[in-house]
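Please read the structure below before turning to the comments.
Chain IDs A, B, C and D follow the sequence of writing; residue 1 opens each chain.
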Amino acid sequence: MSRTQFPSTPLEAVAGIPDGATVLVGGFGLAGMPFALIDALIEHGARDLTIVSNNAGNGEVGLAALLRAGRARKVICSFPRQSDSFVFDELYRAGKIELDVVPQGNLAERMRAAGAGIGAFYCPTAVGTPLADGKESRVIDGRTYLLEYPIRGDFALIAASCADELGNLVYRRTARNFGPVMATAAGTVIAQVSDIVPAGSMDPEAVVTPGIYVDRVVRVASHSRLDEVAR
Amino acid sequence: MSTAGRRADADERYRNLTGQGPLTMDELARVVARDIPRGAYGNLGIGHPTRVAEHLRPEAGVVLHTENGMLGMGPLAVGDDVDPDLTNAGKLPVTELPGAAYFDHASSFAMMRGGHLDFCVLGAYQVSTDGDLANWHTGAGDDIPAVGGAMDLAIGARNVLVMMTLFTRSGAPKLVPRCTYPLTGVACVSRVYTDYAVFDISPGGGPRVRQTFGITPAELGQRLALPYTLR
Amino acid sequence: MSRTQFPSTPLEAVAGIPDGATVLVGGFGLAGMPFALIDALIEHGARDLTIVSNNAGNGEVGLAALLRAGRARKVICSFPRQSDSFVFDELYRAGKIELDVVPQGNLAERMRAAGAGIGAFYCPTAVGTPLADGKESRVIDGRTYLLEYPIRGDFALIAASCADELGNLVYRRTARNFGPVMATAAGTVIAQVSDIVPAGSMDPEAVVTPGIYVDRVVRVASHSRLDEVAR
Amino acid sequence: MSTAGRRADADERYRNLTGQGPLTMDELARVVARDIPRGAYGNLGIGHPTRVAEHLRPEAGVVLHTENGMLGMGPLAVGDDVDPDLTNAGKLPVTELPGAAYFDHASSFAMMRGGHLDFCVLGAYQVSTDGDLANWHTGAGDDIPAVGGAMDLAIGARNVLVMMTLFTRSGAPKLVPRCTYPLTGVACVSRVYTDYAVFDISPGGGPRVRQTFGITPAELGQRLALPYTLR
């Protein structure tokens, strides 16, 4: 009915992601990480990807597995270094992956700008720090700002808790994190969800990501991969 | 007449349109509605464009956006369905369809400006043959300027469709080489639906006649007094 | 408990608004208009106000009554001219009130920028139109944008349907409109609501305006003024 | 020991702090917590600052923000309360308090950058006597840069409180005339809580000693090797 598609497997859901694509990947640590879609992307085989995500993988699953498989050319993130980010650390120290570190709020706001048709914006974050290097600055009302440009994805892979038949999404707790803003900022938005419900069974006041932003939805078993990680 | 009855009636008339002379705005709304792709998301401007909604078939799954914060807007509300908290951009009471979503103004215009709406249908005072749009201000000195969301829609929707009479009451063409009214947006209109003809506008190429209603392209060109031949 | 205050009358709620203040006023037409707070502001007596709102008053109530009482020096809005905006029209034509017309999406986004710590942003809306006059422009990736600055209020008056004891707010349907963005953009945010519920009785996933943005909440009888207007 | 028991114990020790020598980080967390105003909204950084939460009295109504999208964060989750979808910025499982609200990353950092948080408490490698903060990067060549939300908090919270040991393990002062580590933010810190003393920082004025723990201001000045006398 709506233009949102409902492929039956994660592999079908990631169809068409080409080599060299920029892929936004939701999640903050493990919460909201679209494990099934990332596994499918590994199986799908696209290479030379630029990955935009808050972290650069935990343990050996999810993003870390994608990196280990050698599929990413570059990571744009706020916080690559974690206690269990050994896959990224090794690739980075070996010079096998490019890293662009962006303050977490700028990462979110630059994707928001991409989704909201904003050409660029003046942001006070990182003024006077090494991350300001090479950026244009401007004083407005006595305060210094840096000019920040949108970050747009060719694709976004996100996880939500539930979709309806129009592609409207709701999330659970802090697993919401980057999903909603990434959904606005990519050419093709692919969501994995635990449930798909009929149109009209979601509270219209509580929809977080309207279906207009969602191109493909695939249902996957709830939290299977998280439970595995937690073990 | 019921909506269904009205639609059937319009169907009947549509089959006999060619050669019958200029369309009424209701007939024209039917023509516009037929061109909206299945599952498209769009916004109908105040005035005549609102009537396009009456001709959208529910099974086509077109989702209507209203800039005051809603996707999934239904028909005008009557009787007990009237809710002062649920109105369209023209402040008229409307209804909610299954799968609707509410959001605030900043989100609504981010959606619009970010290029997420497949189409909008707007009224116009004038459209230039390069696709400039003038629909917010007559330019008269004592006219109180009021722009609303017109400029946002003009630059935001992927396809800006205009629906208007082709001539003013005094017979002046409204499709013009250059707008004399203050502009709403530059080179933004992709198609113009009028009572005499439908025109495709492409940058630099001049309008292309897509369909005529009871008039030949040659007669059209003459009445429009364009400095070139219509294709 | 939280820093949100719960005055017992609308008049107490608007205490301290000084002459010359910039006041953001929620609502789109009548939906979401904080009638009780506007009436209280008239009684309170502050003069020389700059009012930021989507419209410039309908009929003789709400904003129109405030304008008729001669309390506003200037209105910043997107759409002053309506079928029932005679109070504003008369003041404007008599040169008794200043008007700044802003495209609706820019009005929302400029308040969002104020609330989100953005110094300025490049926006594609209104390029090539009279509303671009005097604005700085810039070409980014081949597209022209205008530099837009934040609009910040000293106070915001908004209407929501329900608050909890921490000041978290939810809205009803399209009455949400400008409330959430205005709540982020003013020094002191005052909300009128129909209900106040205990902390913990609102779904944390469905909170629209977190209490951090809300300084004062006052309960008023539901829709009394709207019913009056509807009569 | 239970949280309540731990708090009572800390109370007891706090009464006997003066003259007892440097505080433990837990004792210091207690000192920080006592200074947080009732009903304040704030963010506690990863590491030692997280422990401030244990010393906030529920009746003070302090509301904790976690940048991964929540206000109203409760204590760390244990046992059945652990939910992989509910974590803090350090990716540890936490709980939800009554009146909590969830939002996405763009909203979370808009809140932060917009100056809506009353305070944050951050750890630091160094703080300059002008309030410059260095807490994200050691500057070592093989250190993988990871900034997270540190720069956003540094420029966003109304009061940036730092909590740190005053000296490195090798005895070098961490309150310094000029940071040698890469900066997180410029002139952003307003107070520094350390095991030896609490300092107020104001622009241009040099730090003012607010409280000492088992050391005199003169001894402090000597150990810090500041080019001026502490007030």
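Rule of thumb we're sticking to: a residue touches a chain if its C-beta (ideal position, glycine included) is under 8 Å from a C-beta of that chain, and two chains touch if they have at least 3 such contacts.
Model, not experiment: these values are computed from the prediction.
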{"item": "Contact-richer chain pair [C-D vs B-C]", "value": "B-C"}
{"item": "Cα-centroid distance, chain C relative to chain D, in whole angstrom", "value": "36"}
{"item": "Centroid spacing, where centroids are CA-atom means, of chain A and chain D in whole angstrom", "value": "29"}
{"item": "Centroid spacing, where centroids are CA-atom means, of chain A and chain C in whole angstrom", "value": "33"}
{"item": "Residues within chain D bordering two or more other chains", "value": "96, 102-103, 110, 112-113, 155-156"}
{"item": "Multi-partner residues of chain A (at least 2 other chains)", "value": "109, 112, 116-118, 123-124, 171-173, 204-205, 208"}
{"item": "Chain contact graph, described as a line, ring, star, complete graph or other shape", "value": "other"}
{"item": "Touching pairs - complete list by chain label", "value": "A-B, A-C, A-D, B-C, C-D"}
{"item": "Chain A to chain C touching residues, read off their complex", "value": "109, 113, 116-124, 138, 140-141, 143, 145, 149, 170-173, 203-206, 208"}
{"item": "Residues on chain B engaged by chain A in the complex (per definition of touch)", "value": "38-41, 59, 61, 63, 65, 71-72, 96, 98-103, 110-117, 155-156"}
{"item": "Chain D partner contacts - residues on chain A that touch it in the complex", "value": "28-32, 54, 78-82, 88-89, 92-93, 99, 101-109, 111-112, 123-131, 161, 171-181, 208, 223, 226, 230"}
{"item": "Chain B-touching residues of chain A, taken from the complex the two chains share", "value": "1-4, 112, 114-118, 164-166, 168, 184, 198-200, 202, 204-205, 207, 210-213"}
{"item": "Residue ranges of chain D in contact with chain A within the complex", "value": "66-70, 83-87, 91, 96, 102-106, 108-110, 112-113, 132, 137, 142-152, 155-156, 182-186"}
